[in-house]
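Pasting the structures here.
Next come two complexes built around chain A: one with chain B, the other with chain C.
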Partner chain A sequence: MAQNQRPASILDTLGEEIVRIITPVSICMLMVVILVSILSLDDSSSSSAMPTIATIAYSETGSDSSWDKFMGALLNSLVFVAVVTAVTFILVLLFYLRCTKFLKIYLGFSAFVVLAFMGGEIALFLFEKFSFPIDCVTFLVILYNFAVVGVLAVFISKMAILVTQAYLVVIGMLVAYWFTLLPEWTTWVLLVAMALYDLAAVLLPVGPLRLLVELAISRDEDIPALVYEARPVAHHDSGSRDGVVRRRVWSERRNVLHDSGGDVNSNAILSGNAGSNLNSGVVLSVASGHNDTRLAGAEEGRVVEANAELSAPLIDRRMNDNMHRQEEDDTSENLLLEGIGLGSTGAIKLGLGDFIFYSVLVGRAAMYDFMTVYACYLAIVAGLGVTLMLLAFYQKALPALPVSIMLGVLFYLLTRLLLEVFVVQCSMNLVMF
Partner chain B sequence: MDGSQSNDRNPNPNPRGNNGNSITSSTPVWPTIDGPLGLTEDDSLSYARKFYQFGFALLPFLWAVNCFYFWPVLRHSASFPRIRHYVLGSAVGFAVFTVVLLSWALTFAIGGEHLFGSVWDKLVMYNVAERLGLTGWS
Partner chain C sequence: MTVAAGIGYALIALGPSLSLFVAVISKKPFLILTVLSSTLLWLISLIVLSGIWRAFLPLKSTTWWPFALLIISSVGFQEGLRVLFWKVYKRLEDTLDAFADRVGKPRLFLTDKMQIALAGGLGHGVAHAVFFCLSLLTPAFGPATFYVDRCPQMPFFLISAIIALAFVTIHTFSMVIAFNGYAEGNTTDQYFVPVVHLVAGMVVKSAFARCFCLLSQKFSLLRILFLIVLKNCQLSPETALVVFVWLNVLCHACSF
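Here is the complex of A and B:
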């Protein structure tokens, strides 16, 4: 019988994978821009002193000179990055001491705080703004439901994919909105500082994130963290019929690991049979002996698709903690993962920290004008594309922040300083737009 | 060849997918909405049961998520009887709770001051937030 299959073009596979990661990033950015434009306060009132960790060194007031503001922002960012570094090192230590249970509980707790308290506050802002007549009983019930199901989505490794992805995007959006409430100069310098920190922490051999990932690989465990994993794309090779499944054995990965220690570039080869999802998990858990962590890890990352043959390099995942609470000081850490890596199915994983900082950049741009929003959005997506290409090229975990943030900041400055003048003049003289 | 390979590889062979109603209706092999990326049947049973039981802690949204997650179970009425029991229970619970909550919320919103008098002002959320200082956190 004639096989009437188009050979899968690169648009189908690579394009689909990229779209599956850019879509949630775009949705998160869009929601933050909407929130910012709805709830935007005047500049004077927003820079009222909010005692946060990011403004602990210097609180920006409207009357300081630009140089003062810049130095103050620099000081704030240095403090923030120092705190983040310290917390990440603590995280590495805890992971080294195998306190995975504690980390998971902390993860759930911080997700609960973000969803319930931050989400509740933002909902209250919105209700106040629109004078929406909701009563406290209904509000509390809905908020409670929302928060608890969110914690379950983050905690449970096998929740519905759409629900988990939606909740991760919402958590990213909520945290990003709170970051946009920082004073302006501090936000921008903080973004640049975090991009540089990300670069250092992932690529330097002494960087905490690199250490964490190498630990995770050498133990073949999963780091409990907030990571967005895109749905794996089913590849249809031109030579395969619909029922044929091609599979390879899972065990090669472990062998390579044992031989080469923490070698980053070992290969994980997946079996393509839909039914062997559980099988591979069982093989791993029996073989390694870390029963609960392994099974959790196997369930979480190692989903398998029918008709797929993917040979994906081993994941390096990175982690980053961000401290940013205003009121709830003790509950001030999220286990956010920054950076981009490949899941063991070849599906792309993007840390929630990246979602957050991209959205902060675009949200801050929205506070100026929508022109800067468009420019920064394009810059960030371009940066993300570049990072994905580099990821495919180097096949190890890469920091997803630097390229996008640098491009975004550059485009923001160029738009604000140069493009705006041009566009406004043209529009006023009815030349363009 | 493919069938035997998949059965032999699958540690939880699912007979419902292969016999029974496969002639009249297409019974799904995977009980979850994620298909092969989701749970197997035994795991699904424990998940459905846990979601159903936890939903009684005033969590209708969890029941809704349960129905969403096991949508193939609801759609194909003859499959997975054990899971179906819990998913149906969740669906009924969610519907009942939604009706109750919605009727209360709509009565509150539409009735307003006429119906409730001064209590309305005390119950409405933005006033409560203002009173407790929840939004004026800076």
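Here is the complex of A and C:
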């Protein structure tokens, strides 16, 4: 009708990047919830789970008192965080010594292990549950091909972006499912501990992640890690006549250094701009086809920082999981990256560790009831939005985990203790408002 | 009763909102964010209410006045929150207009504002449907069903699904009417919304003796509401048709 003749209002494109990040996070959470509810085990059988590094200090049994469980969970989490810190420092060291090739090979190896072994085990659980008839050879061939394509998707940047994104979400889902197999108290305390660790590692000057970020900035290199990159937003408006293309935060910092002599250490600013702000903002670069003229602008690197509409600072972190399996002797480590950043085409990047821990929280909530799932989902998405806004406000590197996890845990407790009783009571008496 | 029945109940409660979402909301990312934040806001309101009322639960089911008190206090709280929502929305509108000026795009049109109101209302409705109906549906996927004393003619899940459907519609369009009323200073519209909310809550509670009577009352109310909305807003014809057809189908189904 009349809408066809009207020029497009800002409502058409505002917020697109946020939605492009929220969608894969939601899909990952949804798949973990589905997996958990299909494959849910009761408590007695889950206590015989394989020893992992997260339960090395204390194995939770059903008969301990609450205080014992809590202290045991605390001990477990401390051990886990200590291991993660140690491994992160090792990674910083390796990155400093320029062993990038080793890191990349390790990355591919860990992706293969996750997809082949963890994915294979979950597939076996599903086959068992649904009595699905399949023979060994077919299964192995399919699994092998699946895992190899996944490794290629992670390695090669020229792969179709949808395939890469899908594989990253699948990797996140598989690791998150395995985390939900931990005992209950350990999972919750571990989530809180990882959120606090994230906070410390990114904000403290001696934090390993901060060191990693600064190293990467000073060398203008990409850290080899598992990072989800959203598809860049194509701006069809007349865009960058005066606008500046921000390609990567590292080159950005270097240019700012040349232009303004600014302090590199203080902040790494990225702007994700949903609607291009011609005079006093930053324009994101467009999908690859249109990049040419704007790349030239990027090299000059004129930065106008005044009114970045949406700033998500670069937080590069690295996190390792150690999952011991009974059959394996070696530890398999995954290189996961947490935090929000800006990719080379200007799209928002989100580390896979965030995907995993959000999904672990929601998966654990699913083991109780679906009401907690909905509440925790809303809390996590709200936390993600708040994190982006906080970053726009503080213009400083901030971690992505703490706000979401804290909100998620808070809402889980409130829902479980307060809301559920209220709603069930009201519904039973047909009191609805 | 089975997975199919469970999915059926879920679709009864959330079908129109799903169609609204796919047709109108999913095209504009800002509206998706509005739906999510609105749902979060009303979830918080429910948590606050449950925090206040937790000490008094479980209520004795013989007398009626504790429930009336519960409904009045809850509806009052939610309507107050709606006014707060409106104030936040005004500030957001100013920010968006300033942004549009800076970027060189036109300011928010009336349809844009109404779409934001619709998204806000949809968030409210979805919050109700999810927490009052969907989260209780887990047993419905199993082999049996459940009946409540108050209305033994129908399974509880069906009752809650149909009531949730009614409330989704009420909440979605109440927000549009309320925002329109606040914007134009139209006091009729401003008072219409809380009154409808209160009446709907009370009707559900009081007419438990005859379930079908209750449902047809609820839906006549809905039809009136819907006609008022159609008068005030410019919904796209497809959306209006879809929702109206849904409503009519259900009204006729319930009044056999």
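One rule holds in what follows: the second predicted complex is superposed on the first by the 314 of 433 C-alpha atoms of A that agree within 3 Å, B and C clash if a C-alpha of one lies under 4 Å from a C-alpha of the other, contacts with A are read in each partner's own complex, and residues count from 1 in each chain.
Throughout what follows, a contact is a pair of C-beta atoms (placed from the backbone, for glycine too) under 8 Å apart; a residue touches a chain by one contact, two chains touch by 3 or more.
What you see is a predicted model; the values in this text were computed from it and never measured.
> Quick check for you: in the superposed arrangement, does A:V421 touch first (chain B), second (chain C), both or neither?
In the superposed model, A:V421 contacts chain C only, not chain B.
> Just chain B (first), just chain C (second), both, or neither: which does A:L124 touch?
The first partner, chain B, only.
> Does chain B (first) or chain C (second) touch A:V148, or do both, or does neither?
The first partner, chain B, only.
> Which holds for A:I161: it touches chain B only (first), chain C only (second), both, or neither?
Only chain B is touched by A:I161; chain C is not.
> Which partner chains sit in contact with A:L78 here, chain B, chain C, both or neither? Use first/second/both/neither.
The answer is neither, since A:L78 touches no partner chain.
> So, A:D135: does it touch chain B (first), chain C (second), both, or neither?
In the superposition, A:D135 contacts chain B only.
> For A:P232, using the defined touch cut-off, is the partner it touches chain B, chain C, both, or neither? Pick first, second, both or neither.
first
> According to the stated criteria, A:V381 is in contact with first (chain B), second (chain C), both, or neither; which is it?
In the superposition, A:V381 contacts chain C only.
> Chain A residues touched by both chain B and chain C?
275-279
> Would you tell me which residues of chain B are touching chain A in their complex?
2-3, 5-7, 9-12, 30, 32-40, 43, 47, 58-62, 65, 68-69, 101, 104-105, 108-109, 112, 123-126, 128-130, 134-135, 137-138
> Under the stated contact criterion, what part of chain A meets chain B in this complex?
Spelled out, the residues of chain A in touch with chain B are 48-50, 120-121, 124-125, 127-128, 131-139, 141, 144-146, 148-149, 152, 158-163, 231-232, 243-245, 247, 271, 273-279, 282, 303-306, 326-327.
> State the interface residues of chain C toward chain A in the complex, per the touch definition above.
Per the touch definition, chain C meets chain A at residues 27-33, 36-37, 39-40, 43, 46-47, 49-51, 53-54, 57-59, 61, 67, 70-71, 74-75, 78, 96, 99-100, 102-109, 111-112, 115-116, 128, 130-138, 148, 150-151, 156, 159-160, 163-164, 167, 197, 200-201, 204-205, 208, 236.
> Would you pull the chain A residues touching chain C in the complex into a rising list?
Answer in residue numbers: 1, 3, 6-16, 18-19, 22, 275-280, 307, 309, 369-371, 374-375, 378-379, 381-382, 385, 411, 414-415, 418-419, 421-433.
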